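Let me give you the structure first, and then I'll get to my questions.
Here the chain labels run A, B, C and D in written order, and each chain numbers its own residues starting at 1.
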Amino acid sequence: MDVGFIGLGSMGKAMASNLIKAGHALRVWNRSPEPANDLVAAGARALNHPAEAFAGDAVITMLADDDAVRDVVLREGVLDAAAKHMVHVNMATISVALAQELVAIHKKRGLAYVAAPVFGVPEAARAAKLNILAAGEEAAVSRVQPLFDAMGQKTWPLGPEPHRANAVKLAGNLMIGAAVEAMGEATALGRAHGVSSADLLDILTKTLFPGPVYQRYGASIAAGTYEPAAFKLRLGLKDVRLALQAGDATHVPLPFGSVLRDNLLAAVAQGDGEKDWSALADVAHRRAGLKG
Amino acid sequence: MDVGFIGLGSMGKAMASNLIKAGHALRVWNRSPEPANDLVAAGARALNHPAEAFAGDAVITMLADDDAVRDVVLREGVLDAAAKHMVHVNMATISVALAQELVAIHKKRGLAYVAAPVFGVPEAARAAKLNILAAGEEAAVSRVQPLFDAMGQKTWPLGPEPHRANAVKLAGNLMIGAAVEAMGEATALGRAHGVSSADLLDILTKTLFPGPVYQRYGASIAAGTYEPAAFKLRLGLKDVRLALQAGDATHVPLPFGSVLRDNLLAAVAQGDGEKDWSALADVAHRRAGLKG
Amino acid sequence: MDVGFIGLGSMGKAMASNLIKAGHALRVWNRSPEPANDLVAAGARALNHPAEAFAGDAVITMLADDDAVRDVVLREGVLDAAAKHMVHVNMATISVALAQELVAIHKKRGLAYVAAPVFGVPEAARAAKLNILAAGEEAAVSRVQPLFDAMGQKTWPLGPEPHRANAVKLAGNLMIGAAVEAMGEATALGRAHGVSSADLLDILTKTLFPGPVYQRYGASIAAGTYEPAAFKLRLGLKDVRLALQAGDATHVPLPFGSVLRDNLLAAVAQGDGEKDWSALADVAHRRAGLKG
Amino acid sequence: MDVGFIGLGSMGKAMASNLIKAGHALRVWNRSPEPANDLVAAGARALNHPAEAFAGDAVITMLADDDAVRDVVLREGVLDAAAKHMVHVNMATISVALAQELVAIHKKRGLAYVAAPVFGVPEAARAAKLNILAAGEEAAVSRVQPLFDAMGQKTWPLGPEPHRANAVKLAGNLMIGAAVEAMGEATALGRAHGVSSADLLDILTKTLFPGPVYQRYGASIAAGTYEPAAFKLRLGLKDVRLALQAGDATHVPLPFGSVLRDNLLAAVAQGDGEKDWSALADVAHRRAGLKG
């Protein structure tokens, strides 16, 4: 397929690379041009303007946040120039509110819009092992299924309304944050009783709590090492905010989400925003007077 | 070994049964005599008084809570009559404070005391697949290791101070409660956006959150069915209280624990105390105005 | 003084009326024209467009929320046409972020901007008993001081940076919300022990907690009557959101604010958004299984 | 009246002194004998054993906490020796559970029991300005009314069940704690926006929040000075725990109470347990990265 790709951060670049490997013709654009170079070397064509990405069979956008989506996709002239038969696949983690706004904007222009946020770190993206949450009109999702197959291990269909996929993504990130905070509190309790974080988490992640989330962030907490960041704490805060906003808009109180936001803010206030978001455990430990 | 066994609830009975199968000589006592009958049929000897259980190589107590331990183990004459070479293995989920008190009481009498709380439901107990958290003097733990081997899939050593095993058990239960609340909030958020609890949890428990906790309680939440209870909500509340008390005594704030306690109390106030503790999700859903 | 006045809700109308009584020449505008009629009868001149209000010595805006301010004050042509010597006094409860944005916008146009949010219900506004929190350049505040004197019992100066007044207003509303929730929890505890809300609050508001907040909202809770609303719960939720946003932007965790938001959302989800915000107590009582 | 008085801390001593001034015959006992000396100089008789205090018309107990009450009042022989016509007036802040236990114990012995906890600091006790919450059988309360009149500015009757007075006392202390935390969060928000704690609290305590609680603790927060303590933080924690226990026993979730407990624990963990409990504000400020 002829595919435009916008947003070449560590996730986007890995995903675009897998599309090239699968034989798709990629035209790529990124705000800063450097990340495109490797992809061009692998056969992609670099674009000068994001509008040019909306010309082929599909365009994938993998931008950092709501602001970036507004700045690039809703930039004057971008959607107006889009090919009518094209499918826009937005794979970024954005707010439910923006997803709903984008649905309306695309509908008005007769453009197909699919929301397809993913679960998976850059390593999983490189290995084409992402889990893709896909929502949008069935015909549109079907057309881009080959692209999903090239980037992910599985596509999870969530029906015709795109914003549902975003809600599931935010709910999942809320659960990740809750797992991290739970490990932070459990290890504070353990340490106060003479059990090291490593011993406690070794038992719990090998028995009740297997799986990537507990193991990845548990390893950081066990080691007490939060740099380099697998996922930056300030980005975790951004995602928790989005979950709380989605809850607020539909009158869903999320008390764990509220505690998470407060603790993440405390972490940022204490200078830990650029660390891994498992540094939440440090907030829990400091609060209990336990040394780092 | 010649083993006394006190406390034949669904967990205790399964554990005692596995000890008999492994060839140990069991002498059993329970407050109500019925549960002993099946074990007697399998070869155990029923006792008339708990003091008689403290006569052999080891005695295992698997009582319901702190009050039951006080009532049975600290009953006048019970520990005073204990054989000096015997090891008392307390496998119940009790408070850290009572564990520390029991250590002192045993020490004064020259009796060996091992704390060995377990992770695992009755089904795991029957299959001899418990995870056993063992803490106490090394010599004492070694002597009862054959008993652990007959009841569990693995023994996790936690050093010489018995209360540490209790702290880890309570920290683990706190993490279980947190996982349940997180699923409750995530599914409330999903439902408010048109995604069923079943769809959301199917994705999350097959990707980021595998393992027995998310799968067992997730299945209840997906089905919206909280009876019969795998683990009663009021017992979950009891364990969260114990974690909070252990935190309080060592000045460890546990904000997730506090939210859990408040939500569990709300559940009990609304008549859900005898349901499975995944009924926490119902609290989250009702709070958001979502119908059951 | 020649004063433009925009926003004639129950607060604005009372404030404008007091300015007329004090001898100022009022030119008034409101989105719906009816509220202007009484003021015209008292001597004000009704305007056809908000831009016309920005022509005299000062313009006071008393709009409902951020959106209304954006829609009216930032409407194309409004600020561009403003008289250069004029002082814009924004007395509405708006976000700190919008206050900062308005400061920059006015500065660019060489216009004086004073933030002057108020504490006081419509009754206090009618009696010219408002407490006015005023921040902005000293010269500008001095020029409009006669207007403040006509509307309030006291002006509290908060220095040259306008957004500080908004921060204090939001902090004050957070404290009001906290007082209401505290009464809700205290009366739930009392009722569960056989003490009526009326008895408990009679004691507490006549001893430790005198003052308008505890007395007004305490009276509603004592009576269990939340209609008609002195201050609508959904507006309380709006203000708590603004406090949380101001905290978020400066990395200030506000755990009471978070609890308030969650409980207010639960109230709205259960259909109480139009009731008085003391209906928060109902959330606390229902959560405890206490009947209304 | 012939009155026994047990517990001569700063509160008890001042109360006993006022009884002497009012012409009552006081017989006093305290664990450490020194505090009795001044009272003996004023006309009281010092006792050698608490049992001797239960001999006259009434005995007032003003002990530090549940443990002290158990240790002194429930000491073997104390209640057994009590005069049958006597009224025991327990004015300490104790748990609802202990109050209920004491009711049962007194009833079994045919002794009258009145709960009469107070609102007021030592200064108010010295000035005979306490607010007394009195609950117990009407005849018993009437008999000791002259004593209340000598110690307080007003007696608030709470009906025949003693524990109700304790519940109101705990609910009131919960509201005090909530007011302090609210000031801590509000001033953190203010400071982050350039408003000093002193300026913010000056406005709020002179407008919306008059009264002794906001003024006393607000003054400490404004000054950032938490020593010497008007009321020690660790005692505030004790009282919040008692409120939470009373809530727990009746299934009343108290989310503000939970936040308070967590923040008070954090304060103790950071070494502030002996400071005034307005040092809660320091927890709020530190959490936001604001320097002391």
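Definition applied: a contact is a pair of C-beta atoms (placed from the backbone, for glycine too) under 8 Å apart; a residue touches a chain by one contact, two chains touch by 3 or more.
It should be emphasised that the depicted structure is a prediction, and the values quoted were computed from it without experimental measurement.
Student: Quick one: how many steps at least from chain A to chain C, stepping chain to touching chain?
Tutor: Counted as steps through touching chains, the separation is 1.
Student: Of all chains present, which has the mean Cα position farthest from that of chain A?
Tutor: Chain centre farthest from chain A's centre: D.
Student: Go ahead and note the Å separation of the Cα centroids belonging to chain C and chain D.
Tutor: Their C-alpha centroids are separated by 37 Å.
Student: Whole-Å distance, chain A centre to chain D centre, using C-alpha means?
Tutor: Each chain reduced to its C-alpha mean, chain A and chain D end up 52 Å apart.
Student: So the centre of each chain is just the mean of its C-alpha atoms; given that, what is the distance between chain B and chain D in Å?
Tutor: About 38 Å, centre to centre.
Student: Name the residues of chain C that each touch 2 or more other chains.
Tutor: Residues 247, 251-255, 259, 262-263, 265-266, 269, 287-289 of chain C each touch two or more of the other chains.
Student: Based on which chains are in contact, what kind of graph results: line, ring, star, complete or other?
Tutor: Looks like everything touches everything, fully connected.
Student: Residue numbers of chain A touching chain B in their complex, please.
Tutor: 96, 119, 131, 133, 154, 156, 158-159, 161, 163-164, 167-168, 170-172, 174-176, 178-179, 181-183, 185-190, 192-195, 199-200, 203-204, 207-213, 243, 246-247, 250-257, 259, 262-263, 284, 287-289
Student: Touching chain C in the complex: which residues of chain A?
Tutor: Against chain C, the touching part of chain A is residues 241, 247-248, 251-255, 258-259, 261-263, 265-266, 268-269.
Student: Quick check on the complex: what are the chain A residues that touch chain D?
Tutor: Interface residues on chain A, with respect to chain D: 255, 265-266, 269-271, 287-289.
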